[in-house]
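You will see subunit A twice below: alongside subunit B first, and alongside subunit C after that.
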Partner chain A sequence: MSDAFLSIKDVNKTFGSVHAVDGVSLDIHENEFFALLGASGSGKTTLLRMLAGFEDLSGGDVVLEGASIAALPPNRRPVNLMFQSYALFPHMTVAQNIAYGLEMDRLPRAEITSRVAEILEVIQLGHLAKRKPDQLSGGQKQRVALARALVKRPKVLLLDEPLGALDKKLRSEMQLELKRLQHEFGITFIVVTHDQEEALVMADRIAIMRDGGLLQVGTPQDIYEAPETRFAADFIGVMNFLPVTAGDQGFVARDGSVILADRVNGTGGAIAAVRPERLVLGDRGQNTLRGTVTNTAYHGLDLLLHITTRLSDTPVIARMTAEMADHLRPEMGQEITLSWSAKDTHIFPA
Partner chain B sequence: MPLAESGPPMADRNTFRLMLLILGVVFAFLYIPISVLVGLSFNEGGLPTAWTGFSTKWYGALLENDDILKAAGNTLIVAVFSTLLSTILGTLLAVGVEIRRRNGKWLETVIFAPMIIPDIVLAIALLSMFSLMGVKMGLHTIIVSHVVFNLAFVCAVVRARLKSFDWSIVEASADLGGSTLNTLRRVVIPVLMPAIIAGALLAFTLSVDEFIIAFFTAGAGRSSITLPMQIFAMIRFGVTPEINALATLVMSVSVVALALSQRLNKGGLPGQ
Partner chain C sequence: MNGFLMSTDRRPMLLMTPALLWLFGLMVVPCLLILVLAFFRRGIYGGIEYTWTFENIALVFDPLYFQIFMKSAGIAGLSAAIACVLGYAAAYAIAAMPRRHQPLLLFFAVLPFWSNYLVRTYAWIVLLNREGLIVNLARWIGYEGELPSMLYTEQAVVIGLVYNYLPFVILSCYAPLSRLSPEIAEASRDLGGSAWTTFRRVTLPMTVPGIATGFVFVFVLSIGNFVTPALLGGGQFQMIGNLVYAQFLTANDWPFGAALSMVLIAVMLGLLMGQAVVAERASGGKRAPDG
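So, the complex of A and B:
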């Protein structure tokens, strides 16, 4: 696709013998909220730093609105990075921190003042404008760092684990806040995170990174419902894995039963997978399993049952709504039958 | 007293008293001569043998001595210019070295050598070099010579601060559109400012009472004599009350500058 807003073309980065980013190609649309998701060391920060201009490309190209930006130094790219450590200027007040980028653009004083005031309003920190960074809480620092990058109205805003340092409650608040700001400012966001839940909540599209490469790119629904690899299936959400052998009759589970599956990935399928919420009580689907309830975990909205079966070494997890749980009152040690349909069954190679 | 409580467990009461006594003796050894000097500078009679009453007349006498005033002026010129130059160069050097840290340890050793090389060696080396180059000597050669060792001190103080410097703010500045020069001017230098001022005050102090190097690089004649050189010249005719007063003044300047420097740079002096 040549008309992409931001086009990352076969980008590579090596540090000595380490392939930090390995042949990544990605097209990002205008005004998209894009999440880079991956385990620690998968190359997310390195890719982001290459987009910001802090790391030279070992190979490939980065094209923004039809023009290559790969050779531009960071201060000439219409791209801003919000640092994982926030990197606020300690000797400047909140307002001065935010104004800095506009001053570098040599905007008229009056415009700088009004834009700083406006963004302070947006992030609701007007009353702290005269504070220094060391007098702010973690969440406030995070907002200032965000405002400092946003106020320049970059074409692309890069955010490296923007919510990493916040506690859980503040995190979920800020996830929505980030989405709102992205929408309001109409800026393309690329957010790095290793929190899959966060990526699912915020992003329009997600790319899963592993060992410097892209494993899968798609909408949260795509990736959740149709993972293409065992790694992606495991990384996003909770998944039950049942070892199978591919035989003439299909995929045979450990107890000899045949598992019907619509979503077969690759060849030589060796493991079947199904999400906990796709398991229903009773013998009502195409695939069935029997087991003993060995644990129950109450999560408020729903109840997770851990069921020991002969199909796998680890317990199978089934999710029940609170309503269902009230009705059935599952007990420890209880024998239980679960079933699920072929359309919800994935098969991955070993 | 907290001192007693924080002593090592085996230090019982008597050993602790002994330690206090030793401490007292050491301090007496260090500060009695200086106290005598300061005291005598206020002695009306001027003789070290008898106290005849408090007076500031020797300080007044200093103001009427043209040689001393001239020397004080020279010292001030040398101190100000060598401080300015060494502060600018030393700061840039410290930042540059920190950025290119991977060049290894030897660079550090080369830079800090002038702090360790004996003054007399440095003095002879500078004198030889100026003679070899055929430079006419005067205040300017003293200034250059003072820059040589002051540079190392400023660099050391600033580097100590750079150890805890958060380099991500430099990247943030570039990311927000700052050129290298703007980043240096608006971010790096302001953040390092306390250390830079501390380094400058230290350089000033060292320059004000430096004798050997100035003596060797001042050239012939009296025109570029500095205060320590003037004191040295006067003292050949015996210690006069004027010298006591002058020495007290020089010391006060040094102590004040050093105290300010310490206060600004809580990390302390290099090597501490």
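So, the complex of A and C:
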């Protein structure tokens, strides 16, 4: 990879004795849609606020296109932040809110007017230009906040939980909309989210954060298919965990059967993991499990079977497509055999 | 939204009744009496002659009295303006402090209210006197020259009014400042605004209602005040409050006193409505015209 567009170099942030961000290094490419994914308290928002200039760095450096921006105040950075609360100016109209950042750049009035009109067109809110923020719905406010940050054409757009306040249906629409806008404007997006599905759908690359540090960085496929830690495996999607003991013959499950695995992370393997969609009906793979169906969860798109086995205390979850479910018609209490291949088994240390 | 007070339940009305009766009996009725009084003639030997006239109202606008009105408005306006500048700065500083310290700081700001108004005003006599603390302090520092008397001047009255009403402004400005989300100011900084621009274009406009409330409060209380001008102005000049006081208690011209009061109340009502408009605009009110 050539020189990174935005380089985060061993960045630290301490509040008193708390390490909010602990030695994070990341290279983000131009026009990349990058997601910082983590639970609350993982340091993702603090990292974002440091990029925007609202938190000083306790250590490290932030380099944008070869020049350090770490010491610049927020108003001098070619970076804009879309706040989780939107932070629209309540005493200004939608158009005035969007024009504000352009006025700060002392652009000619005519250019400001045309750029505001243009972006209002993009977010399809031209008819609400004269409204005050209080008169907008949540989704409309969200789009105004986005437009206000985008209209400045920043080198990097930072988005703090941009879809957090929207309802589920609007959220999935806006996930695609954000991706489209990012393409159209050719701007690097860094989005902070706690929603793993959102990160998988939108981002080119994801960084999972935990306790102020980076756990894993990779494409959505990397992160989902090859989690490097038990935490990452658990945090992203649904994962079945089966306790094992490492023996001479391999990894031995509770019922004494040997579990074959191609992906062994770290040493001292203590738990095996397999995704629900990798389990197939019948005895057709290298690894087999038997159990009783104790619950079914219908999702429309698919059906999740909860299967009680001797392999773990919690039920194993298996995913069936609608078509398979029609065919099998699983019932509570039914005995069932599932299998999976060694390439789909992950082994993690304790 | 169907609010508590909009419900068809009558019980809220029942709760309000005692307060409404109190206000009606002791506020609205006396005001109406004064209003009516303003349109009667003064008896030759005091008292009231019950014949209708507009003479009293006309007399308020007689240059002799109108000049006192204007002077009072000037002093009240100056006091209110100074109190707003000082009070806003203090409120801004308090709101910028860590949250847990703010209640104590506010408590200190309103502490003077817990002592008697007269005592506080007399204290200024001690301070401003020819041989008062301020003069002695100047001497002690080494100032040898003649010092103009500060007591019994217009400035002394303004100082007294500002001092007495400053806590109102601190409280009225603190309310909107403390409610301001820090993210709003951050958004302005993020969009390229300097600290000063952010204050001028975001913080200040959003907190103007607090300033307007404080200004109207100080103005209204000052223009009708008669204690401070009497004590710190030393009878050098009259403010409208002193004039009303004199009409009722020494000149025994109740109808003219009533007329003066009525004009004063009208001015105050006008100001209060102006303040309401300012508050409505700054809140980005829901009734703003639709585009």
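In this text, the second predicted complex is superposed on the first by the 348 of 350 C-alpha atoms of A that agree within 3 Å, B and C clash if a C-alpha of one lies under 4 Å from a C-alpha of the other, contacts with A are read in each partner's own complex, and residues count from 1 in each chain.
By our rule, a contact is a pair of C-beta atoms (placed from the backbone, for glycine too) under 8 Å apart; a residue touches a chain by one contact, two chains touch by 3 or more.
Since we're looking at a predicted model, the values are computed, not measured.
Because the two structures share subunit A, they can be overlaid on it, and in that overlay subunit B clashes with subunit C.
Touch criterion not met for A:L279: it reaches neither subunit B nor subunit C.
Residue contacts after overlaying the shared chain place A:L181 against neither subunit B nor subunit C. Looking at the shared chain after the overlay, A:A147 reaches neither subunit B nor subunit C. By the touch criterion defined above, A:L36 reaches neither subunit B nor subunit C.
After superposition on the shared chain, subunit A has more residues touched by C, the comparison being subunit B against subunit C. With both structures placed on the common chain, the touch criterion links A:I69 to neither subunit B nor subunit C. Comparing which residues of subunit A touch subunit B with which touch subunit C, the overlap comprises 52-54, 73-75, 80-81, 83, 85, 87-91, 100-101, 104-105, 148-149, 152.
Interface residues of subunit C, counted against subunit A in their complex, comprise 181, 183-184, 186-194, 197, 201-202, 205-206, 281-286, 288-291. Those residues of subunit B whose C-beta lies close enough to touch subunit A in the complex are 166, 168-169, 171-179, 182, 186-187, 190-191, 193.
On subunit A, the positions that touch subunit C within their shared complex are 52-54, 73-75, 80-81, 83, 85, 87-93, 100-101, 104-105, 127-135, 148-149, 152. Those residues of subunit A lying in contact with subunit B across their complex are 52-54, 73-76, 80-81, 83, 85, 87-91, 100-101, 104-105, 148-149, 152.
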